[in-house]
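What follows is a set of structures for review.
Two complexes come next, and they have one chain in common, chain A, joined by chain B in the first and chain C in the second.
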Partner chain A sequence: MIILNLIKRTTFAAQLLNRSIFNNSLYNGIKYCVTRNIHLSQPAHDINEDVNNKLMEFFDVPKNWNENEVKHGRSWNLAELRIKSNSDLHKIWFILLKELNMLKTMEHEYKREWKWWASPERIDKVQDSMKNIETVVRERNQAYHMLESGTDGEQPGQYITNALGLREYKKSVEHIVPYWANKKWREANPRGCHGPDYQKFMRLYREKIYNDKRKGRNRDKNHVIRLLSRFPNLDRNVLKGKYPQINFDTLNKKDLYRGHYVPDVE
Partner chain B sequence: MSSRWYPLYQRGNPQLRVFLPNFWMKIVKTPNQQPENVVCFEVSHQMTKYDIRQYLEKIYKLPVVAVRDRIAMGRFKREERNGYIIKEEDSKLAYVTFPKEVKFTYPDLFPEENETKKNLKDDEKSLDQAKERFREFCNRNSKRRGLPGWYSI
Partner chain C sequence: MRITTILHAKRHNILEKVGELSKAFGNFPDSYVKRASEQVYWETPKAPQYTKAAIEKRNFRFTTNRPWTSQFRMQNMSNMKRKKVFVEPIENWGFFRGDRVEVLIGKDKGKQGIVNQVVQERNWVMVEGLNCHLRIVGKEKDYPGVVIRSEAPLLVTNQVALVDPTDLQATEVEWRFTEEGEKVRVSKRTGRIIPIPKANEETMDYKGKKLYMTREKDTDVDVAQEISFKPKLCTFEMDIMESMGIEEDRIPKKTFWY
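Right, the complex of A and B next:
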């Protein structure tokens, strides 16, 4: 009976198109993220056949061509990836990378031919998984650096005043020649700005920012007044939580506040 | 991200290694006719010839003989409605040569559309029904001219 089962399994495995990795930790990777059977790059004697098989990894399995919908799973989430080892994350990354290349190839060709390409959300799911892997690797990197050196090991940066005179966050980059000795770099990356034109520009720029804020404030206030005139029994505490900068005590003095109903006169 | 922030290379340092490459590559049909052992890839803009070769050799285990790459400029075209000019994005194309025994032809992804048509048959049927009903709705007062649109029996 066991032998029969084994034979059944092997024939089933042979039917699957070259599924390569049955490693326990990676089987989940196939289950969740990959929407096709992985091609096994078997060492073929014929180099033509070998290369062609490997290049077909860039294409979806023929079963999924001209389909209206391709069934697939969800993306990897952070909790699942946090319990994986570094080497497992590395392997999952390359599975995802190959899947992404495949999906991009198919999407390109279907768009070029103006054909319906099934389930484009697969790309988003793969990219989401890749982003999550990067997040986990980054967390581990930060933890390692905090243990070793007391800093998080992130790329340092600071706010600088750029050539237009505006404040800007700039990431620091390593240079062979130091800043004070590199005249060429200093000329190419001027900092700060002076003069009457700059003063005028900054005055107008600040005025613009101020006006935007003022208009936003008025917009909110009028919106709240109209809400109150339409719905007089509205819960004020909710509104106060949503618009903390509005003074609700003075609102009822506005003309807009009166709704289209007869007020209660005592 | 810290894993994308590489130290400056100085001579004598160990070689920089990318552990989680975020480059992508896709096979596209060649714009011009090429020998059968040349495959055209569209790749990330940041990739160099060496990157392309390493990518194919290390990740896909392909025997690469030579790599040439170029940046293809995106086409300019006019917007149909308002007439302003649009430029499509540039793309980096890599022409990768494999050993001369290799003969690769781009697979025919749309051999026959019978299968798809079978699936779309139901949709077309319901679409025809909807069209027919709309036509009936439009002509419901055709024998009583001059009546307002909301008036019908």
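Right, the complex of A and C next:
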């Protein structure tokens, strides 16, 4: 069913384009785009085939349509991308973008059909590679800006006190007019918070943070006690490294550590 | 709901609980392992006015099924509440696929075998052909089913011991550094190095790194290793514009960042 749908869809698109090439003057823009890439010396049916083939690049190769698993490699890592020139990175980026487009099309189609789509991790691998390319490009640009202007050339930002009175990091945005002349922006982005409501909110918020910390500490302590009662030979140094907040000397005085029995009294 | 509750909500990250060896065996990107194994029932929309909060499953029971599989999901359905499992924390993990180990408990006590699966989340190893039980699979009214022998997991802390390759006897193991700065496992009894086996390299895609078969969309090794980078005093965008013949001579107006 999927295959049929895909073919139907592509042939429909091909028909649309064909019409635009040969008959319909409404599609002049498309005609230009398509004919630029086609050798016009070819006979008409060859052109159709060529357009079909090009459109089929939006989809996975038909061989993979009914597979349970599509074998593939890993993503590009940073070390491999750092040795590539800018134009190479540019090319790899567009190959990856095309692949991502294809994969997302396939995923969408299979979801629509309620079918199992093989190897969904391909999307993650492509996205991982694209993220790595962005990192490398950013590194190179930062090096240039550091040399030329002494700053990294990244989008600036600063810690601000927001409308709730909490500190948060906010990225700055480019404006044509300065801060003091931009009344509209200032009204839309109030900074800082004062008054009794703010005081009450902050008290509750701090209480929340404190309670979360306290509960976390108790949870850890109970977990450690249970671990120790289950595994008496456990290396305590490992636990001390993992839970530095817990005082291990007082743990064995807890009832939980002793367990549900009456100790022997001499 | 109080505003403080939303502000202080913290997302659960299942990746912290998945063992490094499991991840290495799957050979998947972390993002895939995360999205395949987590169970998010509702989350705040991805917009600046929302803090990141979600209703999701937090308590998972790790089993011999890998976290990204559908079997794992079936064993951790939203309506299932199972008793908490206490796992002894281990500082330096010392058991890998392909290791020769001796079983210390059960009916196969004293026998040696090869580790064929490691479940780091539960401190488990499976030893090939040892500590087995029989399972009946596919039993129906008119069909008796098929009997399968499958290995039961063994705890690495006190149920198996590594075997020293020099005298083929069980030994305790210590991690030490060689003079070259390499971290190795050393037998406490004989002081010999126990090398990490080749089978540890095995992933779901290949048996060993050298045995990997190049696929259709893979880049050739020569092409991938070719160094085409040449240092140049320009940004990425300037370089691409130059190669495409785009000239930019407009002078930007002064702008303000805030």
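Quick notes on this one:
The criterion applied here is as follows: the second predicted complex is superposed on the first by the 204 of 266 C-alpha atoms of A that agree within 3 Å, B and C clash if a C-alpha of one lies under 4 Å from a C-alpha of the other, contacts with A are read in each partner's own complex, and residues count from 1 in each chain.
Rule of thumb we're sticking to: contacts are C-beta pairs under 8 Å (C-beta built on N, C-alpha and C of every residue); 3 or more make two chains touch, one makes a residue touch a chain.
Being a predicted model, the structure only gives us computed values, none of them experimental.
In the superposed pair of complexes, A:I47 makes contact with chain B only, with no contact to chain C. By the touch criterion defined above, A:E134 reaches chain B but does not reach chain C. Applying the stated contact rule after C-alpha superposition, one finds that A:H175 touches each of chain B and chain C. Look at A:N68: by the touch rule set out above, it reaches chain B but stays clear of chain C.
Here chain B and chain C are compared by how many residues of chain A each touches, and C touches more. In the superposition on chain A, A:T250 contacts neither chain B nor chain C.
Of the two partner chains, both chain B and chain C are touched by A:H90.
Judged by the touch definition given at the top, the superposed model places A:R226 against chain C, while chain B stays out of reach. When the shared chain is aligned, no partner comes close enough to touch A:N218: not chain B, not chain C. When the shared chain is aligned, chain C comes close enough to touch A:L204, but chain B does not. Overlaid on A, the two complexes show chain B and chain C touching the same residues of chain A, namely 90, 137, 141, 153, 174-176. Interface residues of chain A facing chain C in the complex, by the touch rule stated above, are 71-76, 80, 82-90, 99, 120-121, 124-125, 127-128, 137, 140-141, 144-145, 147-148, 153, 156, 164, 166, 172-179, 185, 201, 204-205, 208-209, 212, 223, 226-227, 230-231, 234-235, 238-239, 241-242. Those residues of chain B lying in contact with chain A across their complex are 1-3, 5, 7-8, 10, 19-22, 24-29, 39, 42, 59-63, 98-99, 101-104, 107, 109-110, 113, 115-116, 119-120.
Taken together, the chain C residues at the contact with chain A in this complex read 2-5, 7-8, 27-29, 31-32, 35-36, 86, 88-91, 157, 205, 213-215, 217-219, 224-230, 233-237, 239-240, 243, 253, 255-258. Interface of chain A with chain B (complex): residues 41, 46-48, 51-52, 54-59, 65-66, 68, 90, 93-94, 97-98, 100-101, 104-106, 108-110, 112-113, 115-116, 130, 133-134, 137-138, 141-142, 153-155, 174-176.
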